Structure formats: C-alpha cells, structure tokens
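Each structure below is given as structure tokens.
One chain, subunit A, appears in both complexes that follow, with subunit B as partner in the first and subunit C in the second.
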Partner chain A sequence: MPNALKHLLFILVPLIVVFAVLPGVYQNHLLLFNFVIFLILAQGVNIIYGFTGYLPFGYVGFFGAGAYGFAIMVMHLQTPAALAVLVGGVVAVLLGLLLTPLLRLSGAYFAIANLAASLAVLHFVANPALEGITKGPYGVSLTGTFNPENAYYAALVVLALTVGGVIYLKNSAFGLALQAVREDAVSASMAGVDVIKMRVIAWLASALVAGLAGGIYAWYVSVFYPDNVFSGDFSIFAIVFALFGGVATITGPIVGVLILYGIYNLIGFTTPQYFQLIYGLLIMGLVLFLPAGLVSLATRRGWHVP
Partner chain B sequence: MTYALVAGVLFGLYFSLVGIGLNLVFGVMRIVNLAHGDMLMLGAFIAVGVVGIFGIDPLFAVPLAFVIFVLAGLLLYWVLVPRLQGSANPEMLSIILFFGLSQVVEAITTIFAGTSERSIQSRLLGTVFTTIKVKWFGGKAGGAGPIQIFGQGFPAPWVIAAITSLIAIGFVYLYLYHTRLGTLTRAVMSRRDEALATGIDVDRVSAAAFGIGLGLAAVAGVFAPFMFGSVTPAFGADATVTSFAIVVLGSLGNPLGTALGGVVYGVFYMLVQTYLSSWADLLPYVLLILILLLRPSGLLGRRVRVA
Partner chain C sequence: MSPEPAPILKVSTLVKRFGGFHALDGLSFHVASGEILGLVGPNGSGKTTAINVISGLYAPDGGEVVFDGASVGGVASHKLVHRGINRTFQVPKPFLSLTVRENIQVALAYGRASVAPPAMEELLDDFRLTEVADRPAADLNSAQQKMLDLTRALATRPRLLLLDELAAGLNPAELDWIAGRIKALAATGMAVIVVEHLMGFIEQITDRVIVLNAGKEIFEGTLATAVREPQVIEVFLGGEHAA
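Coming up: the complex of A and B.
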C-alpha cells in the first residue's frame, strides 16, 4: 500500500470522522469549532513554515482578509454563505499575491515584514474612512447567514482538504523539492528545482487555507470586530501549536493543537494570566529542550513519524 | 508645521532610545528579542514604583532601571542564549523563545500589578532640576512648565526624554567605538565565526551586549508613562512592533542607524498625525514593509537580502 494512501486512511479519515461525530456527543459546539479552525491554521503554518522555512508571523492577515472577504460579499452582494467563503479564500490568495515580494526577504526579516503586513491590513480594514465598505472599527453583524451547523461542516471540509494537501506534500516530489529548497536554496536550484515557483505556490496555498478558515469563522460567529479576526493570537497560537507538535510532519501539528489547545481550554478561561504564565514557560521550554517538537521524541529513537 | 517637525524630532530621539537596545541585541546575537517591549513596560513600572514609594523625581529611576536590567540581562543571557545558539535555526527559534518570555513577563506583571493603567503626573519629571534652580538662583518653586522651542511650547517631559535619549545614544557610541569591549562587540557583529576564531570570548561580549540592550530598554521604559500617557502590562506588545519599525528603518544590526531611523519615524509619525490622522496607524507598517523591500538594509547598513 503506498504511503499516501496509508496516511489518508489512518490519519485523515479518523480525524475527520471523530470531529464529525463529536458534536452529537459533546455539547460545547463552539469549542469543537475552534479546535477545527486551529487544526486548519496549524496545518496552514505547517505548509509554509514546515516545508519552506518562512515563519509567517502575520499569518492572521490572511485569516482576517478571508473573514472580511466573506463579510463584504454577504453585506453588499447578499451572496450565499458557501460562495462567500470561497470568495474569502480568493481574497486571501490575492493578498498573498500582493505580498509575494516579501518572500525575497530572509529569516527574521520575513517574519517581521509579515507581521507588519498583517497589522497594516488590520488598520486598513479598521479605518473609519472606509466605514461604507468594511464598517471600519465598528464591526460587522451578519445575522442573515448565521448557521453554525453548516459552518462547522464546511470547516471540516476545509480541514480535510488541508490535511490532504499536507499528505500530498509529505509524499510527493513537489514536497520533497520544497524541503530541498528550505535546506539549501542554491543547491536545490542547481538540481533543477524552480525555487521561486515552489515557494510562491506553497505561500499561496497556505494563504488560501487561512482565508477559507477566516471566511468560515466569520460565517460561524457572524458578529465580529476587526480586532477579533486580526488578533495576533491566531498567528501565534497556530505557529506554537504547529511547532509544539513538530513541523514538516502530518501528525505533529494535529498533536500540538489537541494537547496545547486542550490545556488552554482547561485552565485558560478561569485564570487567563496563570495560563499565560504556563503557556510562556511551555513555549520557552519547548524551544530550549525540544526545538523539533514533540515528534522528535519519537524520531530520536529512530521511529518513523508520518 | 514647525510644531509637528520639532515634536517629531523630540519623539524621534525618544523612539531611537526605544529601538537601540533591540538593535544591539539583534546585531550582536542575531536574536530577535520579542520581549523588548516588555522590558520597556517593566522599566515604566520601576518608574511608577520609585514615584509611588519615595515620591521623588522619576529621573532617579533611570540609573536604577539600567543597573537592574543589565544584571537581569546577564542572568537571562546565560540561561537562554547558549542553548538557543546550539539549535538548528537560532534566528527563527529566538522569535518564538522570546515570545514565550514576553508572555511570562506579562503574566507575572499582571498577577502582581493588575491590569489597570498606570500613569505618573508629568510635572513630577524634572522636579530635581527645578529644585536645584530654586535653591541656587531663587525664583518660584513648582513643576516645570512647557519649554519654548522656536516659539512653540512643548511639554517638559518630551524635552527631558529627548535629552536623556541623546545622552544614552552618546554613551552607546562611546561604548562601541572607544572601549575595548565595544571594539570586540563590533567584531562579533560583523563576523561571528571569525571573531570566535581569533579568540574573542564571544559569549562574554554577547552577554554584555544583551545586558546593555535590556538596560537601555528599561531606561526608555522609564519615560514611557510620559510619552504615551499611561502603561499597562499589555503595553509591551505594541511597543515591540514600534521598536521593530524604527530599528528596520535605521537598519537592523547597526545601533547608530537606529538614531536616524528613530528621528525619521518620529517626524513622519507627527506629520501624518497632523495632516492625515485617520491613516496614521497604518503608516509605520507600510513604511516598514516598503523599506524592507526597497532598501532592505535600512537607511544605513550593509546588504542582508538573500536569494
């Protein structure tokens, strides 16, 4: 049995089935939805950071752009929600295209420029001068399309596509080429890899994923402010979840989300500052002692982790 | 117009002080200190504490904050950095590591100080000068009024902060160019491997730079309550982004470029705020991206772009 099929059967299918069944048994629907959203975002970070080495510190820019793409379609053109979600994804891809010049920067410069870009988009959307289009800082209310059940299943579809994409990257020549570029761009290009094309495709793919997630998030919550959907927490959480599990693997980000976001929900709501303390210490410990993520515990012993 | 320009330069000098510590740390260690803004915030809390407990001029908090944070920086350096440098991708991981640190600092400050806004009456700053003036030359006591520059009045704390920043930048210059440790620091900045190969104790030099970087951040923090109105534990994150904009403007890895970057940023900021206030928030980020793309090495600096 080829590896890709194995990964589909034993990782993707169980994950989707569990999250499709859970709403029937577990009452906190919003919590499950947030889990799915963070699974999507962590895998999106995995695509760009794990496979190309660019750290998207302003990843939330795409998420927010998707949410506002959705909101504008629904508010001004009364499009059906599912179509508006797709538009949200397209908006994020367009933003990604606009930001492709950032890929020329390396290392920390890229991370900082990306952070600045996401803040620029936030201040652009929240500008009172654009109140006629985006409602500025006063937030949007989309009660007409409010439908948490459908939004949840749409999120599952996007999650399936995203994880499927990562499985493809993990098992294809394309993914291998990307990792070669990450390790050494010059050697990869000598070996005939089209470095720029590879990077741009991965970048746009991760933008698309975040944009779709943002559109669905807007659909689900239906009332939100620019500060909510452009909150830096989304970028940071997604990055930390992905890193905690281990990037450039299929299972790493999933494990990271399930464990860390689980802890967050256990202690985060009652005493946020203690959670922040534990969270900060956890992140520091992770970087100092397990820089390759939880999966490195297994790979160090020579076990293969998909 | 004159007002906006002069205010821009005053703020800009202060902004340089905000950014210079961050830049020193990045230049020497290639470490992105995302907790920089939180050091600023802690410096501000030291100032609030000094005023609250002793009721004296917050200027006395400047040396106190500097010394405390140089020591804290040395300690933090030995705990965190050597281990980080040993990992596969220190530059990227440092972003995440120091994000964690900033969370810890923010959380601890919130636990002990609450989330309420702290501010200091601005007339308290500089009282040491007016007291001396009254004792030696007579005249009436009381807080310093607005200071006249080019026929326009500016709040005294702005001027004092700008002057302190100039002095601090002067000291950084002296340190880098006229002391032995400073020369070694510049050697490590330009070529870490070669510095190591020539027998320079890179760890010692880096630790000193890290301590000084944090100390400068704390000194800048002392003035934060006056320049920004008030401080909360969550103020650190915004300050970090602003510092980055300034540092990149000047050029990452060149501490003296930061002085120029700060002034340019300050003037731009004041001009946009005066003429296009609704777009003022957008400016620093757009400026940052444009500079990174068009002149990635900053206004002064060497080539950094790869591939």
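Coming up: the complex of A and C.
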C-alpha cells in the first residue's frame, strides 16, 4: 500500500470520523469546534513553518481577514454562508499575496514583520472611519447565518482538506522540494527548484487554510469584535501546538493540539487558579527538553513518524 | 590550441563588482564539450566568483556568458540548471535533515534533465553513498557530503559541470578515485570546469588551465607551460622568483 494511502486511511479518516461522531456523545460543542479550528490552524502553521521554515507570528492576520471577509459578504451582499467562507479564504490569499515581500526576510525578522502586518490589518479593520464596511471597532453581528451545526461540519471539511494537503506534502516530490528550500535555498535552486515560487505557494496555501478557518469561525460565533478574531492568542496557540507535537510531520500538530489544548481545557475546568503557571511550565519544559517536538522522542530512536 | 569543437560555454569580458572591488575585471575564456578546464589562481583572484556568475548566483555587471549559443548572464539558477549547467559548492550544502536518497530525489524530480535522468541506485553506487542512502545527510562526513553535493548536481544531467574545490580535504586514494570519475564524466561529453588549489590534481585531470589574477585571465594553456610563465610565477610566488 503506498504511504499516502496509509496516511489517509490511518490518520485522516479516523480523525474526521471521531470529530464527526463526538458532537452526538459530548455536549460541549463549542469546545469541540475550537479543537477543530486549532487542528486546522496548527496544520496551517505546519505547512508554512514545518515545510519552509518561516515562523508566522502574525498568522492570525489571515484568520481575522477570513472572518471579516465572511462578515462583509454576509452583511452587505447577503451571501450564503458556505460561499462567504470561500470568500474568506480568498481574502486571506489576497492578503498573503500582498505580504509576499515579507518572504525576503528570514528568521526572527520575518516573524516580527509578520506580527506587525497582522496588527496593521487589525487596526485597518477596526478603524472607525470604515464603520460603513467593517463596522469598525463596534463588532459585527451576523444573526442571519447563525447555524453552529453546519459551521462545525464545514470546519471538518476544511480540516480534512488541510490534513489531506499535509499528507500530500509529506508524500510528494513537491513537499520534498519545499523542505529542500527550507534546508538550503541555494542548493535547492541548484537542484532545479524554483525557490521563490515554492515559498509563495506554501505561504498562500497556509493563508488559505487560516482564511477558511476564520470564515467558519465567524459563521459559528456570529457575533465578534476585531480584537476577538485578530487575537494574538490564535497565532501563539497554533504555533505552540504545532511545535509541541513536531512540525514537518502529519501527526505532530494533531498530537500537539489534542494534548496541549486538552490540558489547557482540563486545567481551565478544574484548577483555573494554577492555569498560567502550569501551562507556562509545560511550554518551558517543551522548549528546554523537546525542541523538535514530541515526535522527536520517536525519531531519536530511529522510528519513522508520519 | 589544436582545432577544437565549438565551445559550449563562452565567457567574454565578464565584470562583477562588489562595491568598489572588481572581483571579475574583464574575464574571458571558453570551454568545449568533453573538455576539463582548470581555473587556478591565488586566493581572491575571482575563481569562485566566476563560477557563481556562470551558475546564476550573481548577475554579471558587464560582459557576457554564452551557454549553448544563448546569452545566460543573470538568468536564475534553477533555469540554468534546466538548461544544463550545474555545480558543486566549496562548502557542500546538502539538505541536512533529509536522507541522502531524498536529497537526490529532489534533484531528480526538479532537475528536468533533457535526457532521461540517471538512476538513483547507479548514482549512489558510483559515488559510494549506497551504505548511507537512508541516513540523514547531517550524518555524513565531509567527503561524503561533497560526493552527495556532486550527485545532486549530476542527477540533473548537466552538460556543463562546475566543480568548486571538490578535491580539498580528500585523502590521496579518494583523490585518485574521484579524478577517474571526473575524467569518465568528461568522456561522456560533459564539459567540466575545475576550480582547485591542489596542482597535482589539476595536472592529473585537466586538458587546459586558465590562470586568473585580480579578476582576469593572465595565462591559458597546459599546466606544464603555465609553471614556466614568468607572470604566473610572479602572482603565485612573488616578483623576486620570476626569471
């Protein structure tokens, strides 16, 4: 059986089935929805950071752009929700195109510039002068499309596509070439790889994923403010979850979200007073002892982790 | 110069400046298919810069690089690779976290070799990488990394191969072996340009050498003649040694 098929059958299918069944047996649907959203975002970070090495500290910019793309379509054009989600994805891709010059930067400089860019988009959207279009800082209310159940299943579809995309990257010459670019751009060009094109494709793909997630998030919550959908927490969480599990793998970001976001909520329910302490210690431990993520526990022993 | 076939690469009055420094200052030379040309000269004479310009890492500031009848100065590296130029690096830059096999796969998949790309196993075998094929490139020693760098280049089936100090750091047995491999490549019709400090190695494999000084050629011919040329002796050893 080819590896890609194995990955589809034993990673993607069980993941989607579990999250499709869970709402029937577990009552906290918002929590399940958040899990799915973070699974999508962590894989989006995986695409851009794991496969190309760009750390997107302002990743939430695409998420917020997607949410507002959705909101504007629904408020002004009464677009059906599913179509508006697609527009959210397109808006994020356009923002990604606008930001492609950032790819000239590397390392911390890229991370900082990307963070600044996401703040710029936040303040652009939240500008009271744009109240007629975005409702500025006063937030949007989209009661007409409110349908958490459909939004949840839409999120599952996007999750399936995203994980499918990562499975493709993990099993194709294209994904290998992206990793080659991450390792050494000059050598990659000498292997015949168009370095700039590869980086832009990965960048736009990760923007699309976040934009679709943002659109679905807007659909699900239906009432939100710029500060909610442009909250830096989304970037930080998605990055920490992806890194905790281990990037440039299919399973790493999934494991990262399930464990860390699971612990996050467990502490939140049981001992909220220790929340930041425990969570902070966990992340410090990760950085100190497992900089390459949980999967490195296996890869160090020579086991292959998909 | 005996009658020779039309050159596959012709470099004319090439200029490359870094700020006020002229790394290449009107360099001209050519190389024919099947020929092994040595580029020698003291440190800083422009050998590596010449290779970097020919392989598209730098755009020239003047002059022309003509490959296979087309001017290619300033064309992006990956496009030159597709046209049939490839190179190795003085300090090899393999994709460290990928396995040896994956390193070569990238070049096989993206090199767009004009004829059928070489077979993976054959490449691994020819350059003594079979045993480490499934290890990450980071695990290789420096000689193996150089061989991997070379197989990465060969996987794209170049018609012009630029070797930047491939021999440095190899032991005598490895030198003999790699000299044989390079000659075998040239015998298939590949043009090879070798930048090297090891004169014995240059002597062993090249048909002709170009001696560079301060960004331009000061001698062209066989190495045996070059070492008797006063100007060559002067730039290598200093004025008082010249006859």
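Definition applied: the second predicted complex is superposed on the first by the 301 of 306 C-alpha atoms of A that agree within 3 Å, B and C clash if a C-alpha of one lies under 4 Å from a C-alpha of the other, contacts with A are read in each partner's own complex, and residues count from 1 in each chain.
What we mean here is this: a contact is a pair of C-beta atoms (placed from the backbone, for glycine too) under 8 Å apart; a residue touches a chain by one contact, two chains touch by 3 or more.
Fair warning: this is a prediction, and the values are worked out from it, not measured in the lab.
Once chain A of both complexes is superposed, is A:Ala120 in touch with subunit B (first), subunit C (second), both, or neither?
first
Looking at the overlay, does A:Leu22 come into contact with subunit B only (first), subunit C only (second), both, or neither?
So A:Leu22 meets neither subunit B nor subunit C here.
Is A:Ala173 touching anything from subunit B or subunit C once the two structures are fitted on A? First, second, both or neither.
The answer is second: A:Ala173 touches subunit C but not subunit B.
Does subunit B (first) or subunit C (second) touch A:Leu258, or do both, or does neither?
A:Leu258 sits against neither subunit B nor subunit C.
Would you check which partner chain A:Leu94 touches, where first means subunit B only, second means subunit C only, and both and neither mean what they say?
Neither partner.
Using the superposition on chain A described above, determine whether A:Glu183 touches subunit B (first), subunit C (second), both, or neither.
In the superposition, A:Glu183 contacts subunit C only.
Would you mind checking which one, subunit B or subunit C, touches more residues on subunit A?
Tallying touched residues of subunit A, the top partner is B.
Check whether A:Val221 is in contact with subunit B, with subunit C, with both or with neither, and answer first, second, both or neither.
The answer is neither, since A:Val221 touches no partner chain.
Just to be sure I read the superposition right, which of the two partners does A:Val195 touch: subunit B = first, subunit C = second, or both, or neither?
both
So which positions on subunit A get touched by both subunit B and subunit C?
The answer is residues 186, 195 of subunit A.
Going by the contact rule at the top, pick out the subunit A residues touching subunit B in the complex.
Listed in rising order, the residues of subunit A that touch subunit B are 53, 55, 57, 101-102, 104-109, 111-113, 115-117, 119-120, 123-124, 127-129, 185-186, 195, 232, 236, 239-240, 243, 273-274, 276-277, 279-284, 286-288, 291-292.
Going by the contact rule at the top, pick out the subunit A residues touching subunit C in the complex.
For this pair, the touching residues of subunit A are 173, 176-177, 179-180, 183-184, 186-195, 248.
Could you please specify the touching residues of subunit C with respect to subunit A in the complex?
55-57, 76-78, 81-82, 86-87, 89, 93-98, 102-103, 105-107, 109-112, 149, 152-153, 155-156
Tell me, which parts of subunit B touch subunit A in their complex?
Touch list, subunit B to subunit A: 26, 30, 32, 80, 83-84, 87-89, 91-97, 99-108, 110-111, 237, 241, 244-245, 248, 252, 278-279, 281-282, 284-286, 288-289, 292-293, 296, 304-307.
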